[in-house]
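Presented below are the structures under discussion, each in the form of structure tokens.
There are two complexes below, and they share subunit A, which is joined by subunit B in the first and by subunit C in the second.
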Partner chain A sequence: MPARADFASDARVPLVAIEGVTKRFGSALALDDVSLEIGAGEFFCLVGPSGCGKSTLLRTLAGFEQPDEGRTLLDGRDIAGDPPERRPVNIMFQSYALFPHMSAAKNVAYGLARAGLPRAEIAARLRELFALVRLEGFEDRYPAQLSGGQRQRVALARALARRPRLLLLDEPLGALDRRLREATQIELKGIQSRLGTTFVMVTHDQGEAMALADRVAVLDRGRVLEVGPPSALYRRCRTRAVAEFLGDVNVLSGVVVARAGGRAQVRLGESGALVEAADPDGAGETGSNVEVAVRPEGLVPGDALGATVEVATDLGPNALVIARTAGGATLRALLPAPGAAGPPPPGTPVGFAVAPGAAWIVR
Partner chain B sequence: MRGARFGGLDLAILAVGLAFLYGPMLLLVLYSFNASRLVTVWGGFSTRWYAALLANEPLREASLVSLRVALVSAALATLVGTLAAILLARPGRVAGRRTFTALLLAPMVLPEVIVGLSLLLLFVALGFERGIWTVTLAHATVTTAFVAVVVQARLLGIERDLEAAARDLGASPATAFLTVTLPLAAPAIGAGFLLAFTLSLDDLVVASFTAGPGSTTLPMRIYSSVRLGVTPEINAASSLLMGLVGAAVLVASLASRRRAPTT
Partner chain C sequence: MNRAAAASRVATMLPWAWLLVFVAAPLVVVAKISLSESAVAQPPYRPRWSWTLDPAAWQAFADGLGLDSYRALLADDLYWRSALASLAIASAATAILVLVGYPVALAMARAPKRLRPVLLAIVILPFWTSFLIRVYAWIAILRPAGLLDAALGLFGLPPLELLNSTPAVLIGIVYAYLPFMVLPIYAVLERRDPALLEAAADLGAGTVATFRTVTLPLSRPGLASGVLLCFVPIFGEFVIPDLLGGSDTLMLGRTLWSEFFGNRDWPLASAVAIVMLLALALPLAWLRESGLRRGDARR
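Right after this comes the complex of A and B.
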């Protein structure tokens, strides 16, 4: 189990440092004292519900919004006064914002022409970029003549053309259908690791963040709730809100009866069963009431928790069982594939136990 | 709901409406090709009145005055109207945006007689000698609002992030405007110009108030001749004017519908 890490690697120089940034629109607080450090070469994801300030944070880094308080540093230098055109940062807009009156090639070349590159060099770079996003042959098409996925690639190539230190992506895959999105995720990750460019990507899809990010920051109402590698946050986060945002989770209440190292023995309130839960922060003192989080895949057949099946769905590789305990709590468990017999019918009594290492204490 | 078919009754109503609108104009064009001098008697097809028109010094002069006034006033109105539209369509907060928009658009609904009279008073107060320049300025004043409306509508339809994307890719605010916003707004600016041009070309009221000796416009000349009796020559002049205005309106509507190429 990976330990909680606030930074992917301390050896990396933070490329971006956001220090106490606050941004208001009128009386609305879009960013509330946000502090983050992002290392060079990192694939960093911002996740959070709609309206939590993700786009505002990207627009602040790109230079379209000025923070009301706090500083944004790039390579240790405060970039507050730099207009967007003078930052070594590029952004891929949620809407792609392709220029409708220019061909795909003209769109991608726009930033290169502004940099005053000679024609021959622009042509060479265009070939590279169109190959990188696998759009050879579409150079002369206008945005209106391209599919959604092709437009997304043109926008990516255009944003990469100036070889930015930092690439900002605002829900780059949001407009694609599920299949295409999954294929594009893999490609995006490939392009990022090949170029070594630092990516900061906004998504409201926690699965996408899990699949792509080196580290994730979970935002809510303008505040950073938690930061860390997605697999660590998924299994060991500090707060219930983050646990719930990152996927399905069962939250059980109980009392700490013993502690040892980073672990606590918790007697569950309803069944009285003893569960061992990770508690890296030491949140639960002996005798205190705590909440224990367990992912659906952390519940296994056993006898610690008795319940009756409400709905069971065969998902193919496994079955999702939603069951209710005698006390009225709902449990969600991801069990092995039910086989040809099918999932258990509603009303079937079931028993669960917590898999070793699967539970942790949340606030 | 789209796709509803016209029924017989609908077609009849449409035909009556169109006949009411365009019948008189068709009649006028028809009579401009009338060989007879009598306006109400058909004497066979002839282009003699168009030839006579060419030989008619006052009508020819009035046509030239009208064209010059229309071209210059439309150019002025396009410049000022476009600048106003750009300011009023800026994203974010613009102090007094609503007030300025209302003030800009008011001339569109003010009675022309009042606009004409107030401009006349202004020119007199400023000691301007009335002539082709006062008509031109007056027309520019009236038509600026129309240009601003057409251009502003287009600017508001342009995605806000496009200019931001240009900035992000290294363009200064001016370059972003010139390479992205302006080309996208160009069809509307062209349409605004043609609209201002046609409005100027067929204005009678404002021109009558603000014209001086030697700056009689074609509508003014036609109107004053008609008071002495309609001649086929006037029919010919009117037909030409109609043709010009019609062509401008057609070009304007085609231009404003133009999009980036599809398929």
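Right after this comes the complex of A and C.
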């Protein structure tokens, strides 16, 4: 599979181009100069804290909101004037919005009937769709007679029925309990890659974005903070805000003492230890004060950072140790399983080092 | 049985007690009168029921009852004709009420949230003046050389002189019952999930298709309540046909009134009332039953 991160450098037009879109509700700024490009066949995730404008962006693509400024292009064509019913785009609502007075089959067939498909073809597509979401046998149930997970599948089948160019999903798994959500994530990913449909999915759960997305856009207060493949963003994001949103992270301050080819030697302020940190876009000039980010799993036993254990939790495969340095900074480290003796008790002195390649400079 | 359980038992029995005293008991009295015969007496029928333990008196009472009034009802086509006329007027008025009331309710439900209480108040406002005064106002509007004809005259149109005609009755009924049609429909439309309309649009439905496939079916319970709340009382309506209708406007309520007060034939009037009640209640009970049976798959 070609890396999707670099599709923008391809000559081909992205499926969706959002250019400088701004949306206000009264004086509130829901979207602030958002620009994004999404390639055909991509699984794209919008993540960000509640109220950051994720749903508004989806609704703009679906045609329910008109941007105050900027353009939305589909296949290079401005779709600003197209009403929702004429966009080759479908949305799966956060609340599912199933028609309560129609059976599951009638719900799924709704968009096909509106398109005027012949009965036989609708019946054939219904069979395919119910098989796709593994709901055979539930065709005649009404939404009120289905479980949450089954309703979620009906909503997905209904949104896929018209074979949209672009499928928008607003927190599609948000209403499911955790185990069902994890199982459904795998299925959703499978359906997406089988159909090759472009998915834009909203989630406030960064783990879900990590698990599903080809690329992720992190939003905050209506602005796009960063876009990229989740593994890259998780380990090499530019800003501290994104690092913190995407998971637990230790942020240590220090001074750059040397640089070479996208890497910097940083002398940590507190311990004076030298740490090598990635610096892909040259944020830290020699002699400047910088912040270095390290994920908990990037800290290993060593002697660069001395601390005492505050809490240590045995997670089974590994142990989460929360420790405090002499300078008062809190460190979170994910260490190998502690063995039968259990995790170290509070007050135990511990030493950490940074695993090679685990640290990077954030702004 | 503890005290709380006893209290809750009493509380659940209260509505039944209320129905027994204010609905069932009067009905039994009316049914009894309908089986009596008319008499020059006070009250004007016999036999009279007396509270006694004497079986002979009971026998005499039972012998005095009969179906004469019902036979008279069948024999005289006046009753049939007024029943049919009531049915026609009630159906026509209810149909007009649906056609007028549904768009009003829809417009209210689609109005901006802060405007809705104002619109609701405007619909309810007429209830704050007496019903009779409002019907009298219509007399002033509809009578020959009244406000309506004067307004038509301004445009050089001939006067309609609607008062004392069946159209005047329809106008009055539609005016008086409009809130009873608008409010139940508005109540369901207002509660509907706006995401359903967006889902319909997203799946390719235009305005008309969305209305036909989503809005209308989902508002059916409100529509049914509105139709019931209007049709049933209009069927027995007396005041509006009496004040706005002509001598040829037959309605069952009016016939009943004239039997009762004009002819002082209480048994016949009671028979009319009982037949009217059965004619309304039995189809409704059947509709409700079949509606419930169809509906329970969805709940």
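Criterion: the second predicted complex is superposed on the first by the 350 of 363 C-alpha atoms of A that agree within 3 Å, B and C clash if a C-alpha of one lies under 4 Å from a C-alpha of the other, contacts with A are read in each partner's own complex, and residues count from 1 in each chain.
Here is the rule we use: a residue touches a chain if its C-beta (ideal position, glycine included) is under 8 Å from a C-beta of that chain, and two chains touch if they have at least 3 such contacts.
Because the structure is predicted, anything quoted here is derived from the model rather than measured.
In this overlay on subunit A, subunit B clashes with subunit C.
In the superposition on chain A, A:142 makes contact with both subunit B and subunit C.
In the superposition on chain A, A:85 makes contact with both subunit B and subunit C. Subunit A uses residues 62-64, 83-85, 89-91, 93, 95, 97-101, 110-111, 114-115, 142, 144-145, 158-159, 161-162 to touch subunit B in one structure and subunit C in the other. Partner subunit C is touched in their complex by these residues of subunit A: 62-64, 83-85, 89-91, 93, 95, 97-101, 110-111, 114-115, 142, 144-145, 158-159, 161-162. If you check the complex, the residues on subunit C that touch subunit A are 193, 195-196, 198-206, 209, 213-214, 217-218, 297-299. Note for the complex: subunit B touches subunit A at residues 159, 161-162, 164-172, 175, 179-180, 183-184, 259-263. In the complex of the two chains, the subunit A residues touching subunit B come out as 62-64, 83-85, 89-91, 93, 95, 97-101, 110-111, 114-115, 142-145, 158-159, 161-162.
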